[in-house]
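Report on one structure; see the data block that follows.
Chain nomenclature is as follows: A, B, C, D, E and F, assigned in order of appearance, with residue numbering initiated at 1 for each chain independently.
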Amino acid sequence: MSDTEIGRYPIPELAELPDDIRTRMLDVQEKAGFIPNVFLVLAHRPAEFRAFFAYHDALMEREESTLTPAEKEMIIVATSAANGCQYCVVAHGALLRIFAKEPLLADQIAVNYLHAPLTERQKAMLAFALKLSRSPELVSEADYQTLYEQGYTDDDIWDIAGITAFFGLSNRMAIVTAMQANREFYTMAREPRVKS
Amino acid sequence: MSDTEIGRYPIPELAELPDDIRTRMLDVQEKAGFIPNVFLVLAHRPAEFRAFFAYHDALMEREESTLTPAEKEMIIVATSAANGCQYCVVAHGALLRIFAKEPLLADQIAVNYLHAPLTERQKAMLAFALKLSRSPELVSEADYQTLYEQGYTDDDIWDIAGITAFFGLSNRMAIVTAMQANREFYTMAREPRVKS
Amino acid sequence: MSDTEIGRYPIPELAELPDDIRTRMLDVQEKAGFIPNVFLVLAHRPAEFRAFFAYHDALMEREESTLTPAEKEMIIVATSAANGCQYCVVAHGALLRIFAKEPLLADQIAVNYLHAPLTERQKAMLAFALKLSRSPELVSEADYQTLYEQGYTDDDIWDIAGITAFFGLSNRMAIVTAMQANREFYTMAREPRVKS
Amino acid sequence: MSDTEIGRYPIPELAELPDDIRTRMLDVQEKAGFIPNVFLVLAHRPAEFRAFFAYHDALMEREESTLTPAEKEMIIVATSAANGCQYCVVAHGALLRIFAKEPLLADQIAVNYLHAPLTERQKAMLAFALKLSRSPELVSEADYQTLYEQGYTDDDIWDIAGITAFFGLSNRMAIVTAMQANREFYTMAREPRVKS
Amino acid sequence: MSDTEIGRYPIPELAELPDDIRTRMLDVQEKAGFIPNVFLVLAHRPAEFRAFFAYHDALMEREESTLTPAEKEMIIVATSAANGCQYCVVAHGALLRIFAKEPLLADQIAVNYLHAPLTERQKAMLAFALKLSRSPELVSEADYQTLYEQGYTDDDIWDIAGITAFFGLSNRMAIVTAMQANREFYTMAREPRVKS
Amino acid sequence: MSDTEIGRYPIPELAELPDDIRTRMLDVQEKAGFIPNVFLVLAHRPAEFRAFFAYHDALMEREESTLTPAEKEMIIVATSAANGCQYCVVAHGALLRIFAKEPLLADQIAVNYLHAPLTERQKAMLAFALKLSRSPELVSEADYQTLYEQGYTDDDIWDIAGITAFFGLSNRMAIVTAMQANREFYTMAREPRVKS
């Protein structure tokens, strides 16, 4: 694969796509300035595309969630790094920089969350997410107790698990499609915010 | 949790559920004779429920797929066993017995597919699915070559990967919700088919 | 190997076997209705056969043991599943269903004992058995303390260790001989007991 | 445990032991000059003692075996080191030095057989033994092909597997009983043989 | 540790340092514009500091080496990511961007070198480096054959091994000292080079 | 490699070596009665040789260290055994026998420190060293707390980490150079000290 390609599977032309899928792509393009490759690669199969983004939105835009947008991205970056998924680490690393307004945090979590400047509560969340992601067979009641002690509720646990599980799916599809992260993601939000 | 409970989260009353979700449950109940617990447990969050089953159907009912129904269930049983997911091994073990018309195969694959009576091609499919499921970070171009040599196409590989990835998600949600397999699944299709 | 074969090694004719071995087989056949394949496969080497079953009986029929028959089978099913041994999971799964009078338990423990309806004491027993089976090099004094806290004595620990160790041997012989579980084991005791 | 103790379980007095067990101990004492602790520790349970040594003899003294005594000890040393079993590495290291007439080999194999002066055929034997010992669930038909290519027969494979499996049992019993290797074993046969 | 601290150990004042160490720091500061924290943290122990940098220079500035500066940094980034060392991934990621003149490569290798745009020869180098770094006990003659087939010589192998081994040391010291990567490294050389 | 060779790389003639390196070798030869092969093998690259031994001396001869010489050797033997390094286990096993004046301890720690007659404090030191050596990415603040509770200071932790890290480097160089332990090391100090 040349480094200008964006995946192992054919990328459909925008004009050929079903209206709803094309519209979603144009919306994200207008907002972000470019179309993230996950949209282009997954459009190869429209039915799976629709279910993928419906699931994504259900989890990531759930109004009642008490996890902050930055915390959700922390889960994604940490588990995607463990799974070796370039697209997800780079793209969600950018989102984490944006939401956390902290330009170093994404790289720190991608390498080793244990050495990142996080709260104990956030570290407990990531420890659980990584255990569920990498060794689901070892998760047991004691893990929930640890999360309860940090103040997480059962609905928080569902959120953490859902995001971990969904991006585990996403990681595997990105790996098998050889999905490349757009260049824009690598440099996005790397400068410290200016205090106004 | 008592052994009559079906999960760690509240199970909504059917009457309270949105129409589309209740209808789906009643349809499956009519067909199977009972409501599989995955429907009851996931109904706790309707938006995720809808995306989950839309994804499920997009993968499992994709018309162009060359994988047989039994082969799809083999992937699910093998990867779910590795992930330690009781619900998925038991429920999809039942489906594998039904589709394969071979009452021993599900248990054999759940314990160790290397010792199950499968073709080399099927073993290559399961080897890939297990590698992607358990060590996605190690998947590389050489793995696709192995599958090509067995006659799998890139769209077959997407199917295998999609099913592996989706049921990886499903395994993690079943584990965290402590989803119990319905008793019916344990005994379903355990008798050898009568040759007519 | 065709699926009607029962192993990779020659199976001796009953008539050719030494009297003591043939008698043991006929006894078990009378009791069970069939000869479990472990007898047929191991009879290839009479001296090892005799030692194997002498060891088996010494451990499993030890009168002073406080472990229940069902608990012994739990250890066998859990460790054999981890070791990927089809024969032992299927055959001892059947025995576990018989002894525990609980038709779901064997499959639940085979997939993941952490999600099976067991007491904390039984889970501690299985945690120890699995550690000893899979990572004997990590067993240390702290593990015995955990068992003592659950009320296990040093002789119980010897029993747990002995069963774990012996069936670890059995697993490896069953794997290398490609020993197939008899069809009868798959369906045995799957119906719930009728309360009389 | 003080370093003069030889295990976590009570050691019976010789006078109290059943005749056959005491006789076996006195025989080995006459031959070796001391009673190896494995006899003393396992005598705590006579029935298991008898089966253990019957199995040991059936495997290690099988007349038809084409494995040399040194090769059998290589298997024991390599797998016992991987399992972290002090008694077996030290005691069988001594036997390996005696049988191989090569004073460095036992330590070399205990640390890493890949860097020991062995033939390719012996390395293939140890690679198989270690895979079966440490990851039995991964053993498959391809492993036997590798051994066939090195000239091993199915009966050789049974020997390798049997020794691996039996000493896997032995390792676990030695670990749980905290069996200490006799001081004599540490220095036995460490001097190079004098060429006569 | 607050995120303005640079490690768990006291950082000596420049004025207190031995002349040779202070001079080395001032030299690097003049060249880079800042003092990388590895100098400040390791200066806590001058004798180890001197040996560390002497070793570093002997390996990284060895004139006869056929590895390019970018290839040396690839080894460091890949192995440091596997070891979870924030300082080394971030600092040497910056150097890799500088030497490779390819702003995406460091992040791609840090996440998963199998999906980075590298030659087969470079991937073989990194596969060996990662095996030596993470599982040195498994390295065997076959690994050198694989490298020879890619055209690597024994002196190249020493270089690869030396860099892997030295930065394995460096990773462990950075982890235990909680060494923080300077902010400057995170953004260095992230813009694509302008073709002149 | 024949078993009289001492490594995969050319061994320079003493006469060809730089004065400082030759002098160091002759000094050790005078003291030990032979030249340990690590000197001969690493002399292939003088600059790395000098840095290697400078680092070695800085760590092992640091006057302020509260670790005893035997404790330093325990760390080396335990971590080198885990890394599968024959040279380091055999050579430093000899040094451990000498310093500890306990002829069994080196073999016991090489096989499994959990079953060696060590204090709880020493076991905590080795547990930390092994974690840092084998899974540096998992080391976290909790590990230091465990060491503090055993009375270790931050400077002790640096010592433990430095020795672990340096001999991790040494292990990898010994493995890749196929460095053979001198025969003398195998038998050194195996007899119990005579109490005077």
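The rule is simple: a residue touches a chain if its C-beta (ideal position, glycine included) is under 8 Å from a C-beta of that chain, and two chains touch if they have at least 3 such contacts.
The model shown is predicted, which means the values in this text are computed figures rather than measured ones.
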{"item": "Counterpart interface for A-E, drawn from A-B, E-F or D-F and sharing over half of its contact pairs", "value": "D-F"}
{"item": "Farthest chain (mean CA position) relative to subunit A", "value": "D"}
{"item": "Turning angle required so that subunit C lies on subunit F, C-alpha fit (0 to 180°, nearest 5)", "value": "120"}
{"item": "Pair with more cross-chain C-beta pairs in contact, given D-F and E-F", "value": "E-F"}
{"item": "Averaged-CA centre spacing for the pair subunit D and subunit C, given as whole angstrom", "value": "24"}
{"item": "Subunit B-subunit C separation of Cα centroids, rounded to whole Å", "value": "28"}
{"item": "Centroid distance [mean C-alpha coordinates] between subunit F and subunit B, Å", "value": "51"}
{"item": "Residues of subunit E whose C-beta touches two or more other chains", "value": "84-85, 112, 114, 137-139, 175"}
{"item": "Residue numbers on subunit C that touch subunit B, as the complex places them", "value": "1-3, 80-81, 84-86, 89-90, 103-104, 107-108, 110-112, 114-117, 175, 178, 181, 183, 186-187, 190-191"}
{"item": "Touching residues on subunit B, where the partner in the complex is subunit A", "value": "8-9, 44-45, 47-48, 50-52, 54-55, 57-59, 62, 82-85, 132-133, 136-139, 144, 154, 157-158, 161-162, 164-166, 168-173, 175-177"}
